[in-house]
């Protein structure tokens, strides 16, 4: 029982990561109809916003410590973060440890800007081009973004821990009436789960309670006619793109304590996020979210030893297997709309 | 017994009764017009005939065989061709290629590899295609991209694609809508000529009464999903119910 | 000639000439000059050009003609490779059975995947194929290790049975005794040209594949495939069953991929799992689009372009750059090397990414369109421009 | 004026070139030239309309009628490479389609262009997102009760004629100055054609200027004040509608009726 | 020519085949730096590095046998296919006589096979799988790096001392060849101590989030988690295991512990704080006290500003060793080089006296057991050496079952 609850928890937070990435992708891919292979790169850039904030907060001056030597035998140069010298080592460190959540503040404007530049500078010329061209150009862009990040941050993963206060894990089982020490769960993963619910809710509310969503859907179906009705669809597409980029970026920022960011993390998530979106059904936000959670949970269960004992290696293919089964039984994924990217 | 026998067909869309107990019999070799107000269910009926929709109840027999449950391509291979209300053509191909495809479909059936023959070397098929383009006055446009045609031309092309198949039953859903008057007249002549030279049956939906009354031998009036009357053109013209529901003050 | 039109014959002859003369054309720089870095005329790379050319030609039959975008074609490439290596392990190093079996295995595999995936269209089809290929990859990488030798890759060991191996047979891949790796080097002054058996074997198969693809493009079958792409709906109301057409195209392109995979193994008898990974499937998609999907020669160009970047640009390190700019003043040299090093060597991906973007932005029809534009510009120079109102846009060749 | 001259900058609108009519002209189209890619389709079309007039734009298939309307509505394809379009002192030729629409242009396109994925009502609501807003939904449903009945149905599943009504209704949902109708009668039952003709008169009475493209030339001419006939992208006749109705030679030559 | 790519001019070309893109790019670039440094030293530039401490004295800074050393580089992308292609291009196009580098076993084995067929010498870079000098060994290939068995053998005593004999271990293992051999070696080593193996679970490569594999560890009764992961997988699984609070727990009255059998500096940097107090093994580390290490660390550090990594050391040493073997043999002929290297014993290259064993071409030398430092002062000393395990302790017979099945075959000089 406890093992099952643990796997559900794992599934939920894996799922929330998938759902969040798929949500951003579905805004661009399912709604604007652009096959955006650079979406993973947006996720990655978000993660590096967190790294950047961390680096900024760790900006240091060097002090020479004559008593110790470095690897070449020279006097050791100790880097002291300004924050530490201003607020004292204790408080300084504590502040620095909050860099990941603080990075949200940086990530929103940065990602909106990146989204804006990307859409205005590039994607807008590709709405009417074949999907194949979109793939080529966005894939090229993804490579370029990835290489730029690599130039600045190198190829090695960079540790970006959660704030001290949110680090460790809690004895979650006690709340559920299990004995102590049975179900431990990291605090940060709860935070991530709640955060993604918040974002998903926000995006839904925005698209549901305003006409924005309808206009964008209409614009995708027929840009020309929407223009004839006096609507500047370009602006809305740009905004939509910005939101999608921000969602992707925030997903990236908050994921960094779980997965140390590296420059190719976007590519690693790319295929998976497309699978999630398509299984959810093209053009459906609830579909993307549902499929994210579904695949997350299914994957968690497939990784259980009991399951793997019966079907070795099942955890490696489960996502694809489930995707195939769903797509064969439901022609348009879970909640897909007719006619979106079916040609 | 007509070549096409529609019996007791019903079709609902959600709560909407698009077709209610439709019976229709089209005699071989005749031109049968189906007219009726917008939304009467005319196109829906044709959709049932070509296998695009499956009726909820009823039977549709063509040439003594049921068409229900067959795939659209099988129905076409039985000898039914259809011109759609909004032109359905191969927009990425050239005009000539658009008519070549139905030629091949007629000769080779629903599927054949033919991966090593050359289209250019198919003498008779090319001739046929050229001929039909000449018939619909589009020979000079044979190399254009079908997608860049004007709307009237697209309709003419689609007509050509259906005619070249020499179907037993030709279904025409507003074939001359959007066609210039001159071309409408040409089309009427063309259809008449085809009918004289070949054993073909036609079912035609039109709102242009000039076309209907020039061609039709029988007319069925459909209203709100049910046939209102079926009669000869002369009788329909004067039918008070038809005038009220459909023709209005139109000069026919 | 050969049952194809005049224009196609010309294209075929040009490709044949380029392929046969490749060892010379691709080695334009003297062997010891600074520019020799850009020479691509060594057997391994030339083999890759034509092999990936075959892969892309086949892919184009599916994607370029029917518009079905498969994201899983690497699975067939991998299956072909594994089949070929198994033939080497079990029978002998003769390439003929290996290549034949690789085609058959890949074709059978594609019947299975195609039959299921083609029940859906558009993006749903793409993801189905992707899912199958990724499953194949993951299984090949780990669980199926007895069959694939996992991460290390399937190779031939001296302990393998090789039941058909004759006494004097070479212990490398060969065609009835003619070693694939054998080569003749022609030295002309400072130039050196390698003519390798393996390359010509692949090149001839590529030309045959290319010829077949021309025939398919110009055949009624090819016309139907283009119709599938244009308006599937209309096709079925015209009495044609699009499913078997698409499936046949899928199988043909799967067989091409299998041939390519078999040849890869025949040139270098090792089959690694990553040949099946999505990146490999993506690569052939990129090759085809980059060159010009739906055109005859585009995919070959695209394949050559990407393989060239991968093999040549990645090898230009700072040392090489320094030697190029050595003549310049020191500060300038360092600066130039610094800038250039971002684009070559470890930075070659950046160049690749930029190239993708530039090509697709400025040449919407791919590299082929680039060629056409140059051709048109030249013709315009000669003052043969056609007059205004001619909407005649030639359907893609 | 040559192409090169045009590139020097926008030419001042020629105020001296005027029709004999008394009312000030409202919509002026001056020497517009538009291309689909490389093909030159609208080859220097000029005409003026006065406020509240109905103009019939006629011609054979492929004459360029649709292309002309699309150019006026400022759709990107065909692209306007030369010429000017003025609406009530506003330079439409410098605008994009949504700006032109906000200035009061409405186009009812030939293939109706009902937006898929949206219901009938959503299609109408879409038209009322940006000002100026015209008729209320209730008033529209009053005019087209059929649409009211089908308001929750997906727009594209409507029958051909119903779609046509929706397309016209969508234009009326906006407060427009100029209505461009591309083959509004196509696919409509005779009774409805009569209905719509009445509606158009109603629209005219409200002071809305209309350009109507129609294959049913007689019907269009009966409604119209003026007629312009196009052939291969050029104006071959510009005069009163009655003249065309009266002049058989003209009709035979350009309209084959 | 008598053998493949016989150098006829005044230069000789070496091929440095390392990952420059993908997950192991940093590792590859560090290898490249070391290789470049080795070439400098061979050509008599710089301070000579380990040439001064190397027990064999035939190298004199005039290149190799009087030929100036040049090199070409390639990007393996850590894919066997690509690595073979780049190696091919070095051999066919650039005339390389020796290929060196790489940072995964799959690639090493693939390229080793190629070099055997082509008739050039392969000096494997970072490859830790038993198979490289086990069932996939080749006469033309040599490995300086240690292997999974040696990791286990070296870690054993240290673990016994630190954690006792009554532990219960849970293995998470990367699901491919290296992972399996690593797991096998660790099980053998720990069970020899009396530890019990509770469970072994295979994890997909590149899984990213290991939470669903880590969670079941908590209630399995295990009190040690052994992560047979490498690279990004290790960084993630270790970080996440710590996040799950495993190390704060008490099981069976013991503190829960995590072990990472194979460490590298870059992985340690990637895992950050999570490595504190975690044991693992290493081939070499710049903190070693011998002369050779000091000399190499100095010349590397002065040139690049940071100390070299273990894989950099391997590639550096191998380049020198190759040059030395050629010089001693008096020929570039691969067969002569093989002969000179087989059974070669030397000192002064770090890790003390070293043997290149003739039977399997595996290098034998001291192995380091490392631990994540509690209070690192610089980014470079986040690992500390807890023990230098003497070579005798990690020695095994050439026909040890974990290495059985292979055959060196004949040396191949090529054409």
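Per-chain numbering from 1; labels A, B, C, D and E assigned in written order.
Simple rule for what comes next: contacts are C-beta pairs under 8 Å (C-beta built on N, C-alpha and C of every residue); 3 or more make two chains touch, one makes a residue touch a chain.
Protein names from UniProt, one per chain: A, C = Branched-chain amino acid ABC transporter permease; B, D = ABC transporter ATP-binding protein.
What you see is a predicted model; the values in this text were computed from it and never measured.
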Chain whose mean Cα position lies farthest from chain C:
D
Set B-C beside B-D; more C-beta pairs touch across B-C
Between chain A and chain B, what's the gap in Å when you average each chain's C-alpha atoms?
53
If you average the CA atoms of chain B and of chain D, how far apart do the two points sit, in angstrom?
30
I'd like to verify one number: the distance from the centre of chain A to the centre of chain E, where each centre is the average of its C-alpha atoms, in whole angstrom.
34
Roughly how far is chain B from chain E, going centre to centre by Cα mean, in whole Å?
75
Junction residues of chain A, two or more chains touched
312-313, 316
So which bits of chain E are touching at least two other chains?
25, 29, 175, 202, 204
Junction residues of chain B - those touching two or more other chains
148
List of chain E residues in touch with chain C within their complex
20-21, 25, 29, 32, 36, 71-75, 79-82, 84-86, 88-89, 92-93, 104-106, 109-110, 113-114, 117, 131, 136, 175-178, 202, 204-205, 407, 409
List the residues on chain C that touch chain B in their complex, please.
3-5, 215-216, 218-224, 226-227, 229-231, 233-242, 244-245, 248, 252, 391-395
Which stretch or stretches of chain A touch chain C in the complex?
35, 122, 125, 129, 131-133, 135-137, 139-144, 146-148, 151, 271, 274-275, 278-279, 282, 312-313, 316-317, 319-321, 323-324, 327-328, 331-333, 341-343
Can you list the chain C residues touching chain E in their complex?
39, 42-45, 48, 138, 141-143, 145, 150-153, 155, 157-159, 172, 181, 194, 264, 268, 270, 272, 274-275, 310-311, 314-315, 317, 319, 345-346, 348-349
So in the complex, the part of chain D that touches chain A is made up of which residues?
73, 75-76, 96-99, 101-102, 106-107, 109, 113, 115-118, 122, 125-127, 129-132, 170, 174
